[in-house]
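Before we start, here is the structure in question, set down as structure tokens.
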């Protein structure tokens, strides 16, 4: 039988266009990078049954099962249904695999489930975010990281969400041992100093990483009841102008984070270059085109930030401009 | 004079009768005090808003005690701002101090280094006043000639008893002794080393090596006394900082017989 | 006499007891632990039965009432020293058997050691009464049985055990009995529960030769311990403090003297003016702490300082087991290789 494959549909269905003629790879979406062991075993089974027996772990915490014959795609879609069910990823039709691939897997560092420094449950928010934005064909990258260490490397994404805690200080429990001062200096930004035997936090300098809380031996420092977020935007890799995301909002609340990202989809739909190749354009280039103010106008629609939140009035990005110069210096 | 507060943490004011400046960094404050006190005991000198510092008694008179203070920290720097006629706040005296009667008869060596001279100054004075003072040997060491304390006393002691004054180092042209106190221990003429007594006070390494020198010379352990310096926040046996093993330096010391102190491991 | 009370009726009794007293009990502080969304159990003033954490062992000890982490002793004005005020009301402290044994250790230092009882400690201590929380089971890290502190000493007003939603009260202070009788669902014989066996067992050596102080067993902790002092701050028997004088920055003439909790593990504990320092290595500090708990204190007061609550083991970020060190000391004291 003649091999007649619609590659546009193939890609949208979360299969990879492979250089090996006749082969593809199935891309398993794992929001937050956490999957149960049973699904992991199932992936292995699919790799054994339909693939070449190997599994590729992607940079965005997904899994690709390579070496699948194009003809087997429908069977693979059936075989991965249990995995999709387990991971809770939105689907349009059962046994038909993933309905989109444009909006990339939502990445998360281990966060507060494991990490002593994680300021919130990154996995849970990544899953919640995925529920809100997927399926969608727009090329959007979102990543969550628990603290300013940014192990999730979220500054490479369109939206990077960095956890913050607002350290709460009880001077009556402070013995002035200065471990917070010391470790803030060593492991963070040096926002603390000892004045009159008690610790003073420079709120301008403090990045809300929670190192002081982790090292306080007496619980003089505790975490704020509310979790806060630093939102960094429009980081990207690529052949034109790769760059790190820059700070847009700090001390934002969870609801605002979600609303802003949802708003951003509307903004992209409005302003994406209608002729963009394969309908794919990094949001940053759209912002460059519309101007930052227009982006803010759309993104901030109906967003009611909490009192603590601070929004950048301007954002400037740097990075390498290959499109201007390929010189080393 | 001493106002007895029910609360031992409450300091009482004491007038500064005289300030004797030894070096830029070391002054003796003669404080009005009438009450029982022994050489080797210490006072907590209190400068409200700056803190307290334990200072050992360097001299005792009918209506005064001398406190020789080295300017090394926040509290002592503030103390140095004070003038005669003003007052300092004191708590104490604390600790056991020296029993000078132990050293009045027979042969005695006192070895003191730096501000370690302060706590034994009263002991040396007592020795100088005994009738067999030529059997009293005193080795006093300072870091350099400019660090010397109690210059007037040194002259007086030099007349009264066998004084060896030495410095660790000195600029060219200095004619006095140069060398650590331990260098002079072997040469001190002791007739009956089994009965001779010794007092050693100074920085920890100096004390350690001096005691070693004495033991090598044949001194009996029970005839050696030392005074320990430790961090102290209260002088009352509560704050815990000065504890060594079961011993609280502020209560059970700072003066210890060597048979005890050799088992006190920090 | 014993009584069985519902939570509501126990709260009503506490309301009456608390009319002229403050009630100080372990409380589960939601989200106030070291890590995100982790609770911590520490002491606080309460007014209702439900506030008392009856199940979990407290992470921090009751001692924060008697020896506050930060306590202002004096206020200084230009020419006056004024003692800080304090709350004069009686306090009822809810604690477990090991902690009730710890009170004796705190008293030993603050009331008995030296010539003067500590007046700041005493003025609080004189107003403190105790309520025993029974232990239905041993907790991870507990070794009270080895330390002989599993059974509460005399001297508490009443005991309380929570079982199947009911509070079982054994009243020792008969003045309080009518308050319970008025609210009780039942009057019956009640005995405070206590544990008779712990998973962790230690054996404290009767005699520790001086050689053990220099034993290489301590070297391991020079590398492992991070001298954070958490073990000291959670310990119900650690009593050390440091004086702190401050002046108010807006007016340099006025200030205060306070004392704050100190840890023999933390840098600066031994620093004398001029730069002298003892026990520079963490191994030496560990030896100093451990041997105080099981040797040095006993030599001075006749009984061990440690009450086997195990909080130090529970809080250690480096998983150093103090209980295990005791057993190593025992081996070393008996001449065996401690690490064998």
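All chains are identified by letter, namely A, B and C, in their written order; residue positions are counted from 1 within each chain.
The rule is short, and it goes like this: contacts are C-beta pairs under 8 Å (C-beta built on N, C-alpha and C of every residue); 3 or more make two chains touch, one makes a residue touch a chain.
Predicted model, so just to flag it, every value in this text is computed and none were measured.
Participant: Mapping chain-to-chain touches, which pattern fits: line, ring, star, complete or other?
Facilitator: line
Participant: Tally the contacting C-beta pairs at the A-C interface and at the B-C interface, and name the larger one.
Facilitator: Per the contact counts, B-C leads.
Participant: Which integer distance in Å separates the CA centroid of chain A from that of chain B?
Facilitator: That pair's centroid distance is 67 Å.
Participant: Suppose each chain is reduced to the average of its Cα coordinates; what separation in Å results between chain A and chain C?
Facilitator: Each chain reduced to its C-alpha mean, chain A and chain C end up 45 Å apart.
Participant: Can you compute the centre-to-centre distance for chain B and chain C, using the mean CA position of each chain? Integer Å is fine.
Facilitator: One centre to the other, that is 39 Å.
Participant: Where in chain B do residues touch two or more other chains at once?
Facilitator: Within chain B, no residue contacts more than one other chain.
Participant: Would you pick out the residues of chain C that each touch at least 2 other chains?
Facilitator: 242, 244, 246-247, 262
Participant: Do you know which chain A residues sit against two or more other chains?
Facilitator: Residue numbers touching two or more other chains: none in chain A.
Participant: Touching chain C in the complex: which residues of chain A?
Facilitator: Touching chain C from chain A are residues 112, 116, 118-121, 146, 165, 171-177, 179, 195-197, 210, 213-220, 222-223, 225, 227.
Participant: Under the stated contact criterion, what part of chain C meets chain A in this complex?
Facilitator: Residue positions touching the partner: 29, 31-37, 40, 42, 60, 68-70, 228-230, 232-233, 242, 244, 246-249, 258, 260-263, 266.
Participant: Would you pull the chain C residues touching chain B in the complex into a rising list?
Facilitator: 73-74, 76, 81, 83, 109-110, 113-116, 118-121, 210, 213-214, 239-247, 252-257, 259, 262, 264, 269-276, 278-279, 284, 288, 291-292, 295-297, 299-300
Participant: State the interface residues of chain B toward chain C in the complex, per the touch definition above.
Facilitator: My answer: residues 6-11, 47-53, 70, 72-73, 75-76, 89, 203-204, 229-231, 233-234, 236-241, 243, 245-246, 248, 250-251, 263, 265-266.
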